[in-house]
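After this come two complexes, each holding chain A, first together with chain B and then together with chain C.
Up next, the complex of A and B:
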């Protein structure tokens, strides 16, 4: 069942320039939806329009099929978690968690019961009497979560809730938030600039760039089938290698010494367009010298323990490629190594508008692999 | 070396303090002397007699004056706190067209000296028939540009998200103001409260204009009255009056010193 629908949503702060261009989106009941994009792309603006904190310039917002453009925030039946947690500094944890519940005509006992339940769930039971300034960052974050939980609102909005936490805690809270959302069955709209958070948490996600939706879909679909160069380089870490190439109907020339067969042979019209080649770091492979597509020069290696990131150049020193190989590889700078490109995982983008022209695994998503991965 | 530096620093500070405090100390000292001792130029009274204090209460209705001053100062303080905090709240948390312009207009009234508007104010009060009443002594001071400015600076340090969170929770604007903004801004409110109480306590010109009966006058006018009456030659009595009048000021300053400093510098640091 559709829970939230955005239809042609637009936003302009100054009446001239649109900060949000035409966002269309349908969220299912119980879905964990992530809005992801670089900072300043308009994620918070969309969230705040859904919450009713910012007026909608154009387009429509429906919640459970009812038009909600002009409803005040408290009539929209949602809860919200802010980036800076927005805890009331003069109230203790319990008062913070239950603050505002009285407006929903909830009895004192019921408030207390819900507060204890949420505190229990988030491991805050021992801190109910403390003031926010006596808590660590992670605990404050949990109080903010608890405050959203006790409202029992069916829709929860979160604006970069983890960005003030250290890396370790962030990983833990990621899975905790996801588990709570599943347990309570609420619909979640989660804003982040961190593609890892988006990839690991989302049921579906939308990649936003300068107020425009670049792509909407399941994380792995987007990872495997980026719609354009922006998505290709934003999702995935390290980013996909996207390089300009000289194309002829039969060949793609990456450098004077490295040419690949042009996979678009069949499509003559597209084949002669200006293209950019995209290939993920894990699809550049170490090769036996006789099968190598190129011999490249190593400019840096980062050994991460289970895998190694190798930065290399072909001929043009300005275009640095990254490959990711399992295991621990030790090269020194300047080493020349033979590599091979996995032609089944190559993407070709238009040089003019960045759109995808051709992808090797187009149309036949690797179903089994996805089933296993999920 | 450091010790020597410290000693010289403290010596300078102590000398300055003595120079500053001397008039108050001397007034305090005179208030215990009889006429002869004052004329003799003595620095300390020969005995601690409270005669002057008893007399000052008999010569002028000082108790009435004290009460009047206390009540008007308290009313003005509460009025200023309410009006300033509500105005500052509007300037920080409510969005409306021309908000900043209105604020600067508001602030620019600080450049007009109070004395310049005194005559029109007096005429208004007179035509309302508020002379010789608390109304005339207090209401013209409720709107205070400085107070609004001070509180606005503090309110601006409160994250907007607190307001947004309470909007989402369905808390009314006034309840948010009362239950969140005021408690969070306690130190600024105390600062402003002390400031406005003292300012009003020390006011002279306006009470002189709008009061002409003994039952409505305030202490500062009482002091002037002491000097102009025939008892003026009896400095002991005048100084006893002075000591009684500055006592509340000093008490308030000592009690609120920390808060006052904190509140006045808070906006500046942030």
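Up next, the complex of A and C:
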């Protein structure tokens, strides 16, 4: 069942330039939807328009099929978690969690019961009498979460809720939020600039760039089939290598010494266009010298323990590529190593508009284990 | 290469602090010196000199006879000083709460993002930029029984004209009213600043929760504003106790000493009656009253103040 629908949503502050350009979106009941993009792309603005904190310039917003463009925030039946948590410093944890519940005509006992339940769920039961300043960052974050939970609103909006936490805690809260969302069956719209959060949490996600939706879909589909160079380089860490190439009908030339067969041979029209080659770091492989596509010069290595990131150049020193190999590889700067490109994982993008022209693994994700196991 | 070499512990750094102590101490005082000199010359010396003089019979040339606590005894038993105390307390009660409430009201009104709000903000804070003398003269004209606007309005409404500054029943009220107006700009600006410092997300969360405006004012705005309010209450009290300019210009302490607040009485004793000893003693008494009140405020008020 469709829970939230955005139809041609637009936002403009000065009446001339749209900061949000025509967003269309349908969210299912119980879906975890992530809006992701670099800072300033308008993702928070969309969230605030859904919440009613920002007027909608054009287009329509439906919640449960009802038009909600002009409804005040409290009539939209939603809860919201802010980036800085927006806790009231003079109220204790319990008062913070139950703030505003009286407006929903909920009795004191019921407020207390819900508060205890949420606190129990989030491990805050021992802190109910404390003031926010006596809590750690993670605990404050949980109070903000608890405040959203006790409203029992079917829709929860989160605006970068984890960005003030340290990396370790962030990873943990990621999975905690996801579990709570599943348990309560609420629809979640989650804004983040962190592609890892988007990839790991989302049922579906939308990538935004300068107010425009770049791609909407399931995280893995987007990862495997980016619609354009922006998505390709935004999703995935380290980013996909996107490099210019000389293309002839039969070959793609990455450098004078490195040419790959042109996979688009069948499609002469597209094949002759200006293209950029995209390949993810994990698809650049170490190779036996005789099978190598190129011998490259190492510029930097980052050994992360389980894997190694190798930055290298082909001929042009400006174009730095990154390869990701399992295990611990110790190269010195200047080492020359043979590599091979996994031709089944190559993407070709138009140089003019960045759109995808051709992808080797069209329709067939490499990892189908998940589907098989189902 | 032996990798374990990389894992050697860092040798603890030997502390060199003790040697630096004396130097650092002197260095600190050196940095403080400019403000110590300024405070010393303009605040501490006059203060101690005042306390010293309060134990003497003195005129403007200096002390000439040690009298111990006689000045204090004389003052505390004098009717004139008692009426000064009464006038001062009334003046403070008239000006401080009214001034702060007015400033708070105006600040709440103008803490919205509306076109042209800057004009109102400038207007409301503009009294801060006016000298006490200039505004006093304006108010003097407004209170003037024959040409003043207040009499005109009273006349127009059919009320009898009031001699605002000449009637002992109204003079203090009239001076208070003009003082509220003069002080509102400063208090308004401080409170507006305090309001704008409140995190807007707190209000957005309240909006999503759907609480009423009054609830929001009571549960968010006022508690979050409490440090600012505490500051402005303290400063206003002290200010109010020390009011001089408008009284000097509007009423000169009269009529019938009804506006003869302690500060004005100090001035009169010191520079008109040439009794510096008595003036000093009054100044000392006023100082300790204000000190006591401020200490009391900190004691009682701090509990209700929520710092972020």
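We take it that the second predicted complex is superposed on the first by the 365 of 374 C-alpha atoms of A that agree within 3 Å, B and C clash if a C-alpha of one lies under 4 Å from a C-alpha of the other, contacts with A are read in each partner's own complex, and residues count from 1 in each chain.
Just so it is clear, contacts are C-beta pairs under 8 Å (C-beta built on N, C-alpha and C of every residue); 3 or more make two chains touch, one makes a residue touch a chain.
All values derive from a computational prediction rather than experimental measurement.
Q: Which term applies to chain B and chain C once both are placed on chain A by superposition, clash or fit?
A: clash
Q: Does the superposition put A:53 against chain B (first), chain C (second), both, or neither?
A: Touch partners of A:53: chain B and chain C.
Q: After the superposition on A, what does A:86 contact: first (chain B), second (chain C), both or neither?
A: A:86: touches chain B and chain C.
Q: Regarding the shared-chain residue A:215, is it in contact with chain B (first), chain C (second), both, or neither?
A: neither
Q: So which positions on chain A get touched by both chain B and chain C?
A: 51-53, 72-74, 78-80, 82-84, 86, 88-90, 99-101, 103-104, 147, 151
Q: So in the complex, the part of chain A that touches chain B is made up of which residues?
A: 51-53, 72-74, 78-80, 82-84, 86, 88-90, 99-101, 103-104, 147, 151
Q: Touching residues of chain A toward chain C in the complex: what are they?
A: The contact residues of chain A facing chain C are 51-53, 72-75, 78-80, 82-84, 86, 88-91, 99-104, 133, 147, 151.
Q: Which of the residues in chain B end up touching chain A in this complex?
A: 159, 161-162, 164-171, 180, 183-184
Q: Considering the complex alone, what residue numbers of chain C touch chain A?
A: Per the stated touch rule, the residues are 199, 201-202, 204-212, 219-220, 223-224, 226, 306, 308.
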